[in-house]
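Notes follow the structure.
As written, the chain order gives the labels A, B, C and D, with residue 1 at the start of each chain.
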Amino acid sequence: MGFLKRLASVLTTLFGISVFVFVVLRVIPGDTITSSLGIETGVLTPEQIDTLRAYYGIDKPLVGQYLSWMASFLSGDLGFSYSTGAPVWDLTKSALLVTMQLALFGTILGVLIGISIGMFSARKPGSARDFLGQFFGLLALAIPGFVLSTTIVTVMANKFQYFPNGYEYMTPFEDLSMNLQQMLFPSLVLGIAVAAPIMRTTRSALLETVDKDFVRTAYGKGVKPRIVRLRHVLRNSLIPIVTMTGIQFGYLLGGAVIVEKIFALPGMGRQILDAINKREYATVQSSIMVFAILFVTINLITDWVYRKVDPRIK
Amino acid sequence: MSLSINNVTKRYRIRARKSVVNALNGITLSVEKGRTLGIVGESGCGKSTLARLIVGLEPPTEGSLLWSGSPLGQGVKNTFRSRHSKTQLVFQDPYSSLNPRQTIGACIAEVLKTHKLRGDAEISARVIELLAVVGIAADMQTRFPHQLSGGQRQRVAIARALAAEPELLVLDEPVSALDVSVRADVMNLLVDLKNKFNLTYIFISHDLSMVRHISDEIAVMYLGRIVEYGTWDEVLNNPKHPYTKALIESIPEHTNVRGIDFENVLEGEVPDPANLPQGCAFHQRCPLAVESCKLKVPELLNATKSHLVACPEVLK
Amino acid sequence: MKTSTGRRDWVHYYFKSTSGVIGLFLVLVMVILSIVSALNLAPIDPLEQNPIDALQGPSGTYWFGTDQFGRDIFSRSIDGMSRSLSVALLSVGLAAVVGVFLGVVGGFFGGWLDNLVVRASDVIFAFPAILLALAIVNSLGNSWIDTSIAIAIVYTPIFIRVARGPVLTVKEMDYVKSVRVLGFSTPRILIRHVMPNVLAPIVVQIALSLSWAILTESGLSFLGLGTQPPDASLGLMVSEAQALASFAWWTLAFPSLFITVVVVGLNLVGDGLRDALDPARRSSG
Amino acid sequence: MTNLLEIKNLSVVISEDKRVLVNDVSFEIKPGEAVGVVGESGSGKTLSALSILGLLARGLKIESGEIRFKGADLLKSSAEDLRSIRGKEIAMIYQDPMTALNPVMKIGEQLQEVLDSHQHQITDQKTHILNGLAAVGIADPNRAFDSYPHEFSGGMRQRVMIAMSLLLSPELLIADEPTTALDVTIQRQILALVAKERKRRNMSMLWITHDLGVVANLVDRVIVMYAGRVVETGTVDEIFKAPKHPYTAGLLASLPAAGRDRERLESIPGVPPKPWQVLNTCAFAPRCKEARDICSSHRPELTSNESSSVACFFPLGVKQ
C-alpha cells in the first residue's frame, strides 16, 4: 500500500471516530444544556438558554452541529472549560505531555520485561522456568491496575514513608529528579500490565519460529547456536511482538485513566475523568478526540516499524 | 451431448499491484461425451482456473461454456441446481476437500438430501452403495476424514461427487497428493467409474505420465493459452510445439535409466502472468524464436485435421 | 489410527491439562458463590450496617472482616462477584452474537458490507477500551444493563475480527468450494460447513473476553461509574479501601483476590480450550 | 575403498512415547558416489537424512545406531565438532525453497553467514559469494546479493540454496527432495545443475526423493525404504532393470510410462503401514503377492550379495 492510500485510510478512520464521538457524547445524552447544567437550568432565563444553545451550537440541526464542532476542533479551538473558563486546548497541552511520558515509560518497561521473560520461558518449554515465566504472565494479566496501584500506594506510603506522588506534580523541565520519581510507580504498573501479553506473544512466537525451516537451514550450515537464536529466531519473532506492542499501547492509554487518578498525575485520563464528573461535555468530547488521534498516530508508527522489521511488506 | 468452451477469457484485477492478470486467454475447447480430455501445464498456466470455470465456481470474463448447448459457467439463477449437478469437481488435496467435522457417511447423505435425489428411506442404502462403488467398506461411514488415509479420502471425495449424479467430472490433479504406491489404485478406479457410469472426464495435471495414461485428447497450456491440442498419440508421440517438446523431455522416466538429457535444458523461468511479454509468451525461452514471435500472439492452427499447434515456425 | 468418533475428543483432551482443570475449578467456585449471593443465601446481608463491628479483622463471624460501616466483606464480595459476572455474561453475550454475526457475514460475502464492518470496527478499536466504556456509560447511565451495553460495544470488534479471519480462510478451503459446486444453498454452507470450523477461536475468545469484561467492569466501578453505593461491587470496594488499607488490609485484600482469582480462572480455561480445540496442537497421533 | 559416510543400525523414535519411525537402518556412501534414497511419505527417508547432521525436529530422537563420517561417529562427537562439519564438510538442501531461507535477511548476508561460521582460506569473500551465485545460474549476482528471498521464484531460491551449500566445497551434499516443489521444466534445470556441479567437484551426494524417475536419471546407487526400513539396495541398473524386492518391483510396475498399457495399471492393494506397527514382521507382507506365513511372523533381514542387498524371504528372480 502506498503512503497516500495509507493516509486516506487513516483519515477515514478519524472521520469515523469523530462521528462516533459525536454520537456517543452529544446525541445519545440528549440536550447538552439540560444535562450539563442539570437542575440549574431552571434558574436560567429563556434568553440565557438560547444564548448558551447558540454558543454550544445545539440550536442547529445535527449535521450542522457536527460540522461546526469539527470546524472549530480543526482550527485548534477545543472549547472552554465550564468550571475554570480556561480554553480546553491549554489544559490539554500540558496533560498530553504527562500522558505521553507515562505511556512511553510504560511501553519501554513493558517491552523490556515482556521480551525478557518471554525469552526466559521459551528457552525450555515445559520446564520449571517456563512455568515460572507463564505464572508471572498470568498474574500480570489478572491483577487489575487499580489493585496493583492501590497496593503500591498503601505499602510505600505507610510502611516506607515514601510517596513522591503526594507532592505537587513536577514536569521534567521543572524538576527532573522529582518527575522521574513521580513517574516510577505509575509507569511500572502500566509496564507490568503491558508486559503480560508481550511476554505471551514473545514466548509463542519464539517457539513457533524455532521450528521453522530456515532455522534448520541455519543450523545445517553450521551457524553457532547463539547466533541462530538472535539473528534468525528472535529477529523473525519480532514481527508479532511489534504488532502486540502497538495493540497494547491503546490499552496503556486506557490504563492511564486509572493510574493517573490514583497517583494524582494531571494527565489526559484525569482530565477526562474530571470533566465527566463535572459534566463538561466540550472538554470530554475534545479530549477523547485528541486521545483517538494519538492512538491512530501510534498505529501509524507501529505500521512503519512493522515494515522495517519485515521486508516482505511493501 | 458435449462440453464446448468458446473463446473463454478470465481476467483478475490485482488491486494491490494495480495490474490485471489474464489467467485465461481465448480458450476454445470441446469434449465429446464419454471422452477424457487431459489438460497439462505448469503452475500459472491457468489449468485450475479453467477447472473452476467449468464447474461454475466463477464466471468467465468473456466467452461461454456450454454443456450440451446450455450455459454452464454463467450464474443463471434458476438453473443453479441442474448446472451444479451435471458437472462435479474432484480436488487435488483430499486432506482439505472434506469437511473435518462431518462423518463421511453424513457428507455423502447431505448431497442426496439437499438435491432430493433419493427418498428419505433410501438414503442410507444409497450411501453404502456409493461407498462400495469407490471401494470403501460400509462400516467406515461413521469415520471422520482425519481417521482415513489420503487414498481413502480421495475415494470419498469421488463418491461424494458421484452422489450428485454428474455427467462431467473435472479432476484437478486427483492423484498428485497421494503416495506413489496408492496412485495406481485410484487411477484404475477412475477408469472403471468412467466406463461404468458413462462419464466424461477433464483430467488436469502437471504430471504428463498420468495425463498420457488416461486421456483421449490432450491440451497443453502455457500462460493462459492452449499451445497444442490433439489426440494423446499426436501430442505425446509427435509433439510439434517447442514447449510441448521441452515438457516431454523434462520428465525423468524410470524406464529409461540415465536417459534424461542434461545438456540441452530449456532455460529461463516462466514469465510473471501479470507482466507478459509481447507476442508469443514462450518466445524468450524458445530455441526456435524469430523476430516475428515477439510481435504477434500465434494462433492455434491445424497441423493435421485433429492436431492444432500455436507456433507458425513448426508449421512451415 | 484411532477409531473414536473425534467429536468428544476435545473434552477428553481438555481434562488432561492440569491448568485447564484448575481454571475450571476456580471459575466454578466463583460462579457458585455468585449464585449463593443472587439467591440471597449469603450468611449476612451485604447491605446490613453494624457500626459496632466496623473494621473488624477476619473472624468466625466475618470471614473476610468488615468495612467502615461494619458490613460483612465476604457477603459484599460475593455480591460484587455476582454483579461482575452478570455484567460480563450479558456484555460478552451481546458482543459475541453481534460480532460473530457481522464477522461471519462480512467475511463470507465480502464487498462493501465487509468494508463497512471492518471500517466500523477499526473506529471502535481506535479507542482504549476503558476510555470508550467510560464515555458510553457516561452517556447511557449507571445501571448494570447500561454498563453491559457499554462493554459490549467495546468488545464487539474483537469478535468481528476473531470470526472474520477464520471465515476468510475457511471460505477458500476446498471443502467449502466443493459444497458450492454441489449446489448447496448459501445458508446451509454457512451454518453446516463454515460455522463449525470457525467455532473454536470464538469459544476461546468468549472465555478471554469474560475475563476482560470483569476487569473493565471493576475498573469502571472503581472510577465511580457503574454500580453506585451502597450496592456492593468489587471495584467500588477496592476504591473505598484506598483510605482504609493502611490499617485494615482485609478491605483491600479480599475484593482484589476475588477479581484476580476469577480472571486467572477464565484465562486458564481460555488457554485450555485453545489447546484442546486446536487439532494442530495435539496431532501427535 | 573406504566409505565417506556409514550409517549403522540407526533407529529414530518419537521421544514422548518411543514409537519407532526409523527402524534399524544401515547404508553407506563412498567418496564421489551419488546415492539415492527412495520411499513414500512416512518411510523414514527424510528422518534418516536429517539424523546425519543432527537436525531432527523437537520431539524426535535417535534411539540407537552409529553415523560414521570419515571414520568418526557423529553421534558421539561434541556439539561444536558437529557444528564445524555442518555446512563445511556436509551440506544440505531442502524440499521447500520458499521456507528454507530466512525471510528477513538479505541473500548475501545468508551466504556470508556460512563463511563467518567456519574456518577457511578464502580471502576475497564477497567475490567468492558472487562467483558462487553466478555458478548456479543467477543472472545478476550483485543484485541477488542485496535482495530478500521473497523477491525470487522457487526455482531461483533453490539455486540460491545450492550456491549456499557449495560455498565451502563440501565432500557430501544431502538433498532432501529439492525439486518436488518445482515445475518439471525447472526441476530439469536444477537436476542438470546439480549433476554438473557434482561431476566438477567429484562430490558425494545423498539424494532423497519419492520420484523414481529422478533417481533413475541422477544417481549411481539406490536405497529403497519402506515403513522405516531399508528393503533393497543396488546399483541404479539393478534396481530399475531387475528389482528383487516385491515392493520395488510393484512400485515400478504401478507407474504409467511411455509404451505401457493405457487401460490398467498394476496396482498395489492397501496402504503403507506405520513403522511402529510392523517392527518384527515384513512391513510389506499385507500388500505382497508373494507373501507366505513366515513373512507376517518374522522379520526379513537385509542380506547382501555383491553390490546389492534385499530384505525379503522370497526375493524375485532368485531360485528358492
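Just so it is clear, contacts are C-beta pairs under 8 Å (C-beta built on N, C-alpha and C of every residue); 3 or more make two chains touch, one makes a residue touch a chain.
All values reported here derive from a predicted model rather than from experimental measurement.
> If you check the contacts of subunit A and subunit B, which chains show up for both?
C, D
> What chain is the most remote from subunit B, judged by the mean position of CA atoms in each chain?
Relative to subunit B, the chain whose C-alpha centre sits farthest away is A.
> Just the number, please: Cα centre separation of subunit B and subunit D in whole Å.
Subunit B and subunit D have C-alpha centres separated by 32 Å.
> Would you mind pulling out the distance in Å between where the CA atoms of subunit A average out and where those of subunit C do?
22
> If you average the CA atoms of subunit A and of subunit D, how far apart do the two points sit, in angstrom?
Comparing mean C-alpha positions, subunit D is 54 Å from subunit A.
> Just the number, please: Cα centre separation of subunit B and subunit C in whole Å.
Whole-Å distance between the two chain centres: 49.
> Would you pick out the residues of subunit A that each touch at least 2 other chains?
none
> Which subunit C residues reach two or more other chains?
Within subunit C, no residue contacts more than one other chain.
> So in the complex, which bits of subunit C are touching subunit B?
Interface residues on subunit C, with respect to subunit B: 1-3, 5-7, 173-175, 177-185, 188, 192-193, 196-197, 279.
> How about subunit A: which of its residues touch subunit C in the complex?
It comes out as residues 12-14, 16-17, 20-21, 24-25, 28-29, 138-139, 141-147, 150-151, 153-154, 157-158, 250-258, 261-262, 269, 272-273, 276-277, 284, 288, 291-292, 295-296, 299.
> Hey, which residues of subunit A end up touching subunit D in the complex?
Residues of subunit A touching subunit D: 210-214, 216-225, 227, 231-232, 235-236, 309-312.
> Given the complex with subunit A, which residues does subunit D contribute to the contact?
Touch list, subunit D to subunit A: 53, 55, 57-58, 79, 83-88, 91-92, 94, 96, 99-105, 113-114, 117-118, 148, 150, 161, 164-165.
> Which residues, counting only subunit B, touch subunit D once they are in their complex?
42-43, 149, 151-152, 179-185, 187-188, 191, 206, 208-210, 212-214, 236, 246-247, 249-260, 262-263, 265-267, 269-270
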